[in-house]
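Structures follow.
First chain A sits with chain B, and in the next complex the same chain sits with chain C.
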Partner chain A sequence: MVTSEHSVASKDVPSPGAGPLTPLTHRVVRRVQETSDVATLFLEPLVGDRLVFRPGQFNMLSAFGVGEVAISVSSAPGEGGPLRHTVRDVGAVSHALVRCEVGDVIGVRGPFGTDWQVTSDVEGGTSDTRDVVVVAGGIGLAPLRGALYEFVAAARGGGRVFILVGGRNPDQIIFHDDLAAWERDGATVMLSVDQSTPQWRGRVGLVTTMLGDAGFDPRNSRALLCGPEIMMRFTARALVDMGVDPAAILVSLERNMQCGIGWCGHCQLGPLIICRDGPVVPYGGVVERLLAERER
Partner chain B sequence: MTFAESFVVDVDGLDALVQVLIQRGYETKGPTVHDGAVVPGPITGVREFPRGVRDEQAPGRYRLGKGDERLFAWAVGPGSWKADFFPANQVEWRAHTSEGALSFAEVGTASTPLAIIGARPCELAAIEVFDRVLGEGAHPDPRYVTRRDTCFMVVVECAVPAGTCFCSSMGTGPDVKSGFDIALSELSDADGHRFLARAGSSHGADVLAAIPHALASELDLRARLESLEHAEASMGRHLETEGLAELLARNIEHPRWSDVAERCLSCANCTMVCPTCFCSDVLDISELSGALERRRVWSSCFDLDHSYLHGGAVRSSTSSRYRQWMTHKLSTWWDQFDTSGCVGCGRCVTWCPVSIDITEEVEAIVRTDGAARVTVPTSRSDS
Partner chain C sequence: MTTSVRELLAAHEFLRGLGDEVLETVVGCAHNVAFEPGELLCVEGASADTFYLLRRGRVSLEVHAPGRGPVVIETVEPGSVVGWSWLVPPYRWTIDARAIDRVGAVAIDGACLREKAERDPAFGYALLTRVSTHLLARLQATRVRALDLYGAGHGH
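And then the complex of A and B:
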């Protein structure tokens, strides 16, 4: 890891005409430990402006000397401040990222991929009056955070937002402050864990068990799902069974990504190149079939 | 000189073509015999072409033998031109850390443009497939684009297809219609050993004008067509492409995938010799000196690591990996890039150590379209 207490001068700037695989150096300006193995890094570019992104998009983050991984942006365009990425320690690179300290320099390339399609609603007023149902599993709440920020703000004008969060255990649930703030701002927030602890006073069970009690109108809803693939598959099926239009369900897919720009071929899922066609894709149609096929 | 005109160039004229391209500053490469195979290599004159060489190809078999006076009486070997546009191992950037600060150095592209003399039509078709993958879209690979844009392409039409060739099924050969600077057809008959030459670009016309040439006769033109007809009739393999993409898309659970997995070694030979396989690993390499570099290295969907996600590989079985490779080539490539990923060059058939033949695998699924794999319930059942 590059610890750069020393002044990082203009020599940090990639040369003009830097290739698409060259990251922009960013400094960790704040770090929040979300759970035992999840941390949020707040990043500021060493040179130039903050990256402009849409909620749901991802960046390739480099832990210099270790490697690069795809991590969704967890800040909201509207909140300003540093770029946030919430990282779970699951491998060599994510381990190095989670262990970053304030002052460390990492690389950022992006943003890449598709988004949750919220900006048009927000900017065009609340023309879309459907209920917004957000279902997140564990760290799956991170890529949704920016969209929720925008949806909850837009709902002040009258829409309804339902936030259903599941985790393996209470320790896996992130963004407690945000969840409390969104609830204060009128959103319905429900939490459930697979395994409870003595302190847990919430629900126990899979996220799908909350769908029926949430109170959204299935025939007039749009849904955003992010979490383990099996959780998204069963949640999407349950929503469709309740009457939600499969085309109104968005899921955020994950595969091995090494370039983020459609070159490396690793993130293919059938006809999809997820870094290019995703990560956010409509569930209805081809994705419904892909998620039902056995890949192993 | 117009693009529609054909000219006759003799063997000395072909040598002159190489010399003109060298004089104009090109790095000249073409087919050469190396280690018992016809592979891309440096060309400084006509003497380096595989003159008098024939090849014998069958599933899992490649041998060179003695041929006649012709220079191009063979089909493609294991090396393809993709390595010249998309190197097997390339440095993307280098960086150095000193006193905590990081400085990047971009790695540029060699400034010498490449002239390829003797690509086959299926190889040009493969490069055109690559153009859609790395040369177009929202993020074109700048070094690929530079290499490709500055390349001078001389294609030699095929007269002697191999036993594993099926370019005529894929519409990529044995003739070539566009995409070249100069197209050649080698003729060897009572009228002598000569090349029919056509320009496909103003650049090609300019080079052709600079070498000894004569206007082609009706007989020359007819000889070319007869040679192509003969080549088309002697393709060793055939692949029915009508409805093929849909056939594979609806047979994801076909028992043939398990059958081929019993034979497939998951060795990745097919993907290494394939002229359109584009997968790469992006690797960061650090040295004790503090130097870092990022490399892009060819990889294969047959590697277990290819689909690695935290927790394990998504495609953990050979059957799922073979299925990924073949359905990508023949079906989902259309969804992704609006073209087939297979050009019918037959390399994957020839260079498979256990003789798996993509045309035979397709045929097996055609014969039993809709058959379902028997699934054994496992403890990982997700219902």
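And then the complex of A and C:
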């Protein structure tokens, strides 16, 4: 949130290309309250063009006077329009961001990190022959939204997309309109919650329990996972047990990103600097071992 | 053409790969059933003499909580099993199971199956191994859910 005393006057606006450590000021042009503690901010730069990004990358968002936090981009390059970030209120900075209103100004640095590798798959034509399995837990659907937008669009020419979403309860599932649109466009959409409500007629249970019923071909699938790390660990193991190649599973890791460019080392995980080598990494190999490793 | 109970059992995930001999043994204890939405398959505290291999429709497993009514703990989908209490004394349901949709299932007489398992240890071992596999998967899912994965702290 940017209050009036923190607002940036136009003469203070850094110019685009000022460097990766300089936030570019963006104005909140629209705000959607997704759940009680999650909001999507639609951002336009005060100066210059919109940022160019790939699905899965993140930006460092500044609530001026409060701090900076890493948030994945939740828009898709192909849909145009303002840059979207979906933020959950879990700390001081995210609290300030979630409380932003239309007209407020925040800082944006980025985009940083690796992506879901949508472009190579779609352009390479392999999406026609491989099932795409997307498993999201909670707000983990936000970093996947851009990839889903591209995958579902590409699948209109063939190919299958399976979207499995888990949430704490029905009220915490985000992007209902997108999920409905993707289902209309041919994707298989399955939802499951941990805690039911009297109105909920859908599944109640762990997100992994949907894998066996989804109907994808494990030996001809790639999988994208995003959510709490334990959820990703169990989901990845279940997928491998079903026959999915560990190298075909991508996970999005979350650590304490600060500089965004691999300088400060705050987000180190074993041999990986997550802001640079991640957030999206292949599950097979080093990440499979790291996710199972006990922290000391 | 009506599908026989044997064919329904052979196609069900729970018995897949167990072989014809096991299948024939189970067929003698099984019959086809259907439930309308809202109908109860099991009632907490009642005698657990049957269990169900779900073929179609969704079933909710519920606990009745004072002041809250029925609380859905979990849902069970086609290909899975409703009811384990037939297997161990005192053979009494510990939970309600309610059809959410129109449900089709194969009902299996638990006492009949227990008797056959006691007479034929090889059959009993195969059956218990399969039951344990399903129970372990459900237990593991329940353990992970107990962590409240999506609670406070998960940001992205």
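The rule we apply is simple: the second predicted complex is superposed on the first by the 273 of 296 C-alpha atoms of A that agree within 3 Å, B and C clash if a C-alpha of one lies under 4 Å from a C-alpha of the other, contacts with A are read in each partner's own complex, and residues count from 1 in each chain.
The criterion applied here is as follows: a contact is a pair of C-beta atoms (placed from the backbone, for glycine too) under 8 Å apart; a residue touches a chain by one contact, two chains touch by 3 or more.
These numbers were taken from a predicted model, which means no experiment stands behind them.
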item: Which superposed partner A:140 touches (first chain B, second chain C, both, neither); value: second
item: Partner chain in contact with A:230 - chain B first, chain C second, else both or neither; value: both
item: Which superposed partner A:91 touches (first chain B, second chain C, both, neither); value: both
item: Partner chain in contact with A:51 - chain B first, chain C second, else both or neither; value: neither
item: Chain B versus chain C as contact partner of A:208, first or second or both or neither; value: second
item: Contacts of A:293 with chain B and chain C, given as first, second, both or neither; value: first
item: Touched partner set for A:270, first chain B, second chain C, both or neither; value: first
item: Which of chain B and chain C A:153 touches, first, second, both or neither; value: neither
item: Which superposed partner A:254 touches (first chain B, second chain C, both, neither); value: both
item: Doubly contacted chain A residues - partners chain C and chain B; value: 88, 90-91, 94, 230, 234, 254
item: In the complex with chain A, residue positions of chain B that touch it; value: 92-93, 95, 97, 99-106, 133-134, 137-139, 141-143, 252-253, 278-284, 286, 292, 294, 296, 299, 301, 306-311, 314-317, 320, 324, 327-328, 332, 335-336, 375, 382
item: Touching residues on chain C, where the partner in the complex is chain A; value: 13, 58, 60, 69, 71-75, 77-79, 100, 140-142, 144-145, 147-156
item: Residue ranges of chain A touching chain C (in the complex, touch as defined); value: 69, 71-72, 86-88, 90-91, 94, 137-140, 142-143, 166-168, 172, 194, 196, 198, 200-206, 208-209, 212-213, 226-228, 230-231, 234, 252, 254
item: Residues of chain A defined as touching chain B within the complex; value: 2-9, 11-15, 17-22, 25, 62, 64-68, 88, 90-91, 94, 105, 230, 233-234, 254-256, 258-259, 261-266, 268, 270-273, 276, 293-296
